[in-house]
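Two complexes come next, and they have one chain in common, subunit A, joined by subunit B in the first and subunit C in the second.
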Partner chain A sequence: MDLQEAQTAVTRILHDASSQFQRMPGSAIILRYIKSSYQNDPVRSAIELFLFLFAVRYMLAPSYSTQKKVKLSEEEIDELVDDWTPEPLVAPPTSFEEMETEKRAVIVGPTGPKSKLSNGRTVTNLASYNFYNFTSNESLKEKAITTLRTYGVGPCGPPGFYGTQDVHMKTEEDVAAHLGTPACIIYAQSFSTISSVIPSFSKRGDIIVADRAVNFAVRKGIQISRSTVRWYDHGDMEDLENVLKKVTKEQAKKPLTRRFIITEGMFENIGDVSDLPKLVELKLKYKFRLILDETWSYGVLGRTGRGLTEAQNVDASEVDMIIGSLSGPLSAAGGFCAASREVVEHQRISSASYTYSAALPAMLSTTASETIALLQEQPEILTGLRDNIKAMRAQLDPRSDWVRCTSMVDNPILILVLKAEVVASKNLSTQDQNELFQDIVDECLVNNVLITRLKAYPLAQGVHPRDQGWQPQPALKVCVTSGLTKKETEKAGTIIRHAITKVLKARK
Partner chain B sequence: MPARSIYPFATSSPTSTPSLDALNEKREQPRRTSFTKGNKFTSLFGGNSPRTRSEAAALREAFVAQQQALLDSPSPSSKPLPTINLTSASDEKMSTEQKTLFQPSEIEKERRLARAHAQFGPLVSEHHRYVSKYEGEFGDPIEDEPPYYFLLTTYISYLILIVFGHVRDFFGKRFRKAHYVHLAERDGYAPLNSDFDNFYTRRLKMRINDCFARPITGVPGRYITLLDRTSDDGNYTFKLTGTTTETLNMSSYNYLGFAQSDGPCADASEQAIRKYGISMASPRADAGTSELTLEVEDLIAQFVGKPASMVFSMGFVTNATVFPTLVGKGCLLISDELNHSSIRFGSRLCGSMIRMFKHNDMRDLERILREAISQGQPRTHRPWKKIMVVVEGLYSMEGTMCNLPALVELKKKYKYNLFIDEAHSIGAVGPRGRGVCDFFGIDPSEVDVLMGTLTKSFGANGGYLAADKEVIQAMKTQNAAMLFAETPTPPVLVQIASALRIINGDLVPGQGEERLQRLIFNSRYLRLGLKRLGFIVYGHDDSPIIPVMLYNPAKMPAFSHEMLKRKISVVVVGYPATPLVSSRARFCISAAHNKDDLDRMLAACDEVGDLLQLKFSSGVAGGANPEEKLSQENGALVKSPPRWKLEDVIKSGVEDVQFPLR
Partner chain C sequence: MPLDAKDPRRRRSSSLVYTEPPESLEQLSDQSALPNLNAEWVNAKGAWVIHFVLILIGKILFDIMPGVSQETSWTLTNISYTAGSYLMFHYVRGVPFDFNSGAYDNLNMWEQIDNGDQYTPAKKFLMFVPIALFLVSTHYTHYDLTYFVINTMATIAVVIPKLPSAHRIRFSIFSPPPDDA
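Now for the complex of A and B:
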């Protein structure tokens, strides 16, 4: 084939192509557009054509990983596999951890205001959340046994698959009626409730504004939700307002997302309470939803133990979700989320620890119903406890030169931290403080009083301590119970105060 | 048996019903007063709406009815109760109590026995036992495929449902705005559920909502008592009718039948409440560690064959809090794609990199391992600090077991840490009920961490971890649930301890063995029967979880309703718990069932299978017809769809269970 033939072939193909192109509907418009817009500038047309082709190539290119992989032969991989030595599964325990394990109190027999420990001592138990001494209530026991004999122990299934028993529905109604919310949902464990409630509503891209000092479970819930988090200083309503203002401003141009304020009613690690009327005011003003963790205030605050809403005279329906605990003071087990019907029903299918976990044992559910009824029937149970709290505080807070109590007056858990001047004058690190408090706990135990330390948030493996975020200040935890008389409480308080003085004086 | 109306009983005073024995009478009374008290308060404190009140009343009525139902006749079968009780698993203490308290009349005795049998069926014949054994080679169960017609109709069904849902939404949003307010922005608040995410729930799940979360009362044992309910607003809300229906329980995770309100476990729990109280009211790390806790931990460690263990008050939380102590930044966690939600929850909290391998696909796992070890961490290419492989012992939706022999083999080569979640397999699998290690005959020391729940086989609640001493010690100082969460309560702990002792043979010798062998027999018998009838069944032969494939979405509610009509409660699951096409019904077998129950189940499945066109197996997964079994033995590979007659299935089932289910 000579050049001539090839040329005619090319011309013919070009001619055919152009006639085909012209036969296409709308081709004239495209031609006219190209001619007019580029004014027959061939260079510009060429560049744009090049760009167009590049875009096509880019679109058609197979997706590739951003991670560069080193190409290795099978033998090389085998060698690398042989060479690789993993770290041991857990690091060896530190001496402090070993001591903690060794000293962990083991209770023999029933728990109560006076408990027997495995070392043979009978101690005044100021470490349990047995505030009302319901654990020793015989009629509660009888009722639990009746339930046991009707329902067995476990419900043998998640609530969604034949695990919802009539007693659960009854407890849900009881809690809702107690709080005055339209609906309520019962979880099988209190600790996991809030960690699961938060991610079932707040998703990636949503905004959470949370108090810096929220407890570990809330923190984990926030972490798992993958939402954008803003922290405000603990209990600082001005700072909260600033953060809310800032968030609202930042988000003004963006599509509307869900926004939550998450805080605790009564703080697990500090013991003080939130200013609920102000929180409600701010949430309404900036259009946030309020998730209130009342794990430590439900059953404790208010005239009938309804929690912070009752104590501060706020209608429970003003709070979007109230999370509380049926374990601890109520002497049963499980947690709840009280809210509107819509919020509750959503959790029944999308809250992980409700959907994918077995339901609460029936007898614990009925016990919770019973204790809630007791609190409502006999508010003097609560006032009795408050007298004891007052007696205990009088022994510790104003009288001690070393510690102060950060808990609010009605909180039966007295959180005692070292005074700032003590920490400064003795130059104590966090670890030092923990060790000191452990010594105090041991000293108290020698005198037959069982108290505990506040536990720091455990760090995940591989996390550097500087990335840990807010940590509770080391503290002593003294849990008052109405199972003791005022005299006994005062006596225990004196022992604790003396132990503090003894240990801290010994420290140079 | 028709659902009994309870109104006649509800109006009469509770005390006027003749009580069975002095003990019961004493117990029932305070309970009832407590309930009325609760209701008074329900109405006092805010719950004034008529809805609440009527529901509470319905609840109370249902409760009374349930009591009555249990007394009347707990068994839906009209057969007379067997006179000879071969089982040792029923109420042991009964005889002594009868002697000490009073001499009950024949009728009362019979009623008490009937009540016990409603929770744990008597063994019909000593032949109905099977000792679980591993044949020496792990084969992935063969998964049968339905004809294309069913796959196609499944897709079309979903398409219709989705299109119809959108049409309803289109008109609904315009004409019934009130029903959609929660999905739209409201005075500056974003909706709590997005319209898109909520579509599936609103338009698909809502249609079959009555098949889920059916409320129950009483013990979820051999039979389960449902509270009847109706809905007049398209399953949006339900009203309790006040009647109850007693059904055969094919739904609860009650593998060893320990869900009992009588018998040694319940007796021990009662003692525990009297002696130890109901709750410990404190986290483990403060003052929540009881002698019982330590005792149970020792028992569990011995039971699973690990040096140490620790217990938690919830199975979900065990998984949700375990990983941060074990793996973290710079570590790789390789997880089976079908792992439970709690494992996903926990692994997301630990900060390590997560990769998934195809379900039970050891080749895929090895590929990932080779790539991970040779390439190191992404970007930095540093070697991984640790690699942990997380699998489940028995998968709750598939009924498959993990390939432990291969995992241990790979572990030797690739030096990873192995974590097995035995939530469903502990107690239910293996000749001695000690889980997958027991089943495959592998030393538990080959596995680094064994996790399990105490809810399923032991009729209690909670979870456990078992591992080496150092690992457990690290857990006890660093685990969040140990530091902050409530402890398992004394009655629950004692239930666990006595269940473990029964399986061990320390308590009521022979009963544990009977439970284990009955469970495996029942599982194999029903599985073989279903295969022979022509159903597509997933899972391993010895697994007590039997998923039966339904495919078409509309068959889920249909199957559930048809079974309920026949007084059997089953669980149906569809997307998103399973892949879109493979909707299924799941039967959970229990040692509390006996052959009569399973025959009843097979008969019901046979009828419903014909009615709903569910028999579409091709025969590759077993259940071959009798004539073909012969030719198969001669080496020929002819497979025709097995469609046995019910009588033949029942006739030859007991013998054939002893052989591989082909």
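Now for the complex of A and C:
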């Protein structure tokens, strides 16, 4: 009885539902759809129904974020804001820095081998990169003034936007012709040349193998490029080869990336030079590109100042990119990248420093062309400087019991570091050495010789000294100039040597 | 978080699946340097209409080919749409232009859309299109078993990677996870 009742109830309910369904608008379409797609296969219909239901569920789901976000209440936000004390943009000067600022010599009037200080004394200036004394060359000055009258001061635009003038193109050709590369591109600032060239070629995922002792500008460039960096010990070609081998092995199964070796021609912080023939051999063997920072060697090394390529008899086109400076010894400003035509053209649109900063003032461009011509026409300018370097070195390196010179023989910047045994016997920390060298600088200034210390690049904010990586050894920096006679250079050298001895003897 | 700390892409030795680790602070700052133009256009209305236009053009193209039955024509349309969208949204990683210094190099386009948010209107639309296409195609044809399986598989292949639970999941069957050290 129960069963029969239930059965009739179910039949009635189903009948009602079906009549309700048929009364619904569009029900006929749904029925027809189901009928036509049923095709005598319930599994198919089940799959279709499942997909349909899944789609409906997906459409109705509320959106949410996958980013991890910390939810803070108003009070918590206020509390955090109250607690926050901003770190100063520039840290307050340390007592050592304050002392240094206080004692800093200020030059009044034009700089030159003999400079007048604000306290009225005239000193022998061995702290400027005016190696060839081009700053007191009257014909260069006249040419600069003529250019100034014709072109005005600044080009008032980036090179790609009305900033390029005929003089810039001439300077580019001059540098390229001097070095023997197919093309060259001129940047407006020397520092930002290399730090812009590196990121315009090397991107995230690319590989850079660099010398541990590269200068601050190169480090900045590597950092901006976001590339994977491998370091090799300074000047150690065996270590470089091991690193290259390791990288090649690791990358063998991965998609091909760009790979670069980056090093300096003449090291800013040590003064020695790279072994270019070996570098070229390794880069060809392991299929890397070589970016050579010749900021400190261009205009200095080689018979006509072409830099490391000339000094070590390497064809400049073997180096993929040569980055050099037009400031310093060339008495102009800006930097350049000399390379193949393709490499240069790529930078004209994709190198940040070239694209976004105003072009080099025309008079500096002509000055650079003139000084490059001078170096090529009168190699005796370079030999004159080298005689002075030899004279200065003779006074310092083998003669002094306390310091040794890490610079290579033709480097006009003599980097003088304390001998290892001196550091050991007197137990000197980095800070102690810096203070000692500052005392020596002051002592030299008393005797009318202006020299300076090597100022290491600053640590990144918030980096523990332990994680800072390679740091240069504190050093004295003596910049020789051909503006002085050999006698004057020797005399200055003696004064420096005596100052070193005096300060270090006084230190117990 | 250290500036360039990287969670290694760890997986158990037997597993073929790993999860893409979160971005380092440096990558995040590069990602936010510019709006992600590679993924933003999917929210444009024109970008929605183009799906239907392309499907229609594809269908017409396959229809006018001589000797192609309705079943084959629908299957070809379905497969070409799913293959194209799989390639575009799930296979290719990174951004084809140099906007963010390669900070999106490890993410496919589906993961870049709306900054990885789930169930957003654009994602709902993109999920809706292949399912609707499949349902429509089965309705207008009499697929035999082979055709039906091919079409179902093609649809599932683009539905599964779109699931929120598949976010940042990688399969590495033939190669170990990359280590960018």
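One rule holds in what follows: the second predicted complex is superposed on the first by the 418 of 508 C-alpha atoms of A that agree within 3 Å, B and C clash if a C-alpha of one lies under 4 Å from a C-alpha of the other, contacts with A are read in each partner's own complex, and residues count from 1 in each chain.
Just so it is clear, contacts are C-beta pairs under 8 Å (C-beta built on N, C-alpha and C of every residue); 3 or more make two chains touch, one makes a residue touch a chain.
Model, not experiment: these values are computed from the prediction.
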item	value
First, second, both or neither for A:G120, with subunit B first and subunit C second	neither
Touching partner for A:P398 - first (subunit B), second (subunit C), both, neither	neither
Which superposed partner A:M363 touches (first subunit B, second subunit C, both, neither)	first
Touched subunit A residues, subunit B compared with subunit C	B
Which superposed partner A:T101 touches (first subunit B, second subunit C, both, neither)	first
Touching partner for A:P42 - first (subunit B), second (subunit C), both, neither	neither
Which of subunit B and subunit C A:P25 touches, first, second, both or neither	neither
Overlapping contact positions on subunit A, where the subunit C interface meets the subunit B interface	67
Subunit C-touching residues of subunit A, taken from the complex the two chains share	33, 36-37, 39, 44, 47-48, 51-52, 54-55, 58-59, 61-68, 199, 203-205, 226, 228, 253-254, 350
Residue ranges of subunit C in contact with subunit A within the complex	22, 26, 30, 98, 101-103, 105, 115-121, 124, 127-128, 131-132, 134-135, 138-139, 142, 148, 152, 155, 159, 164, 167, 175, 178, 180-181
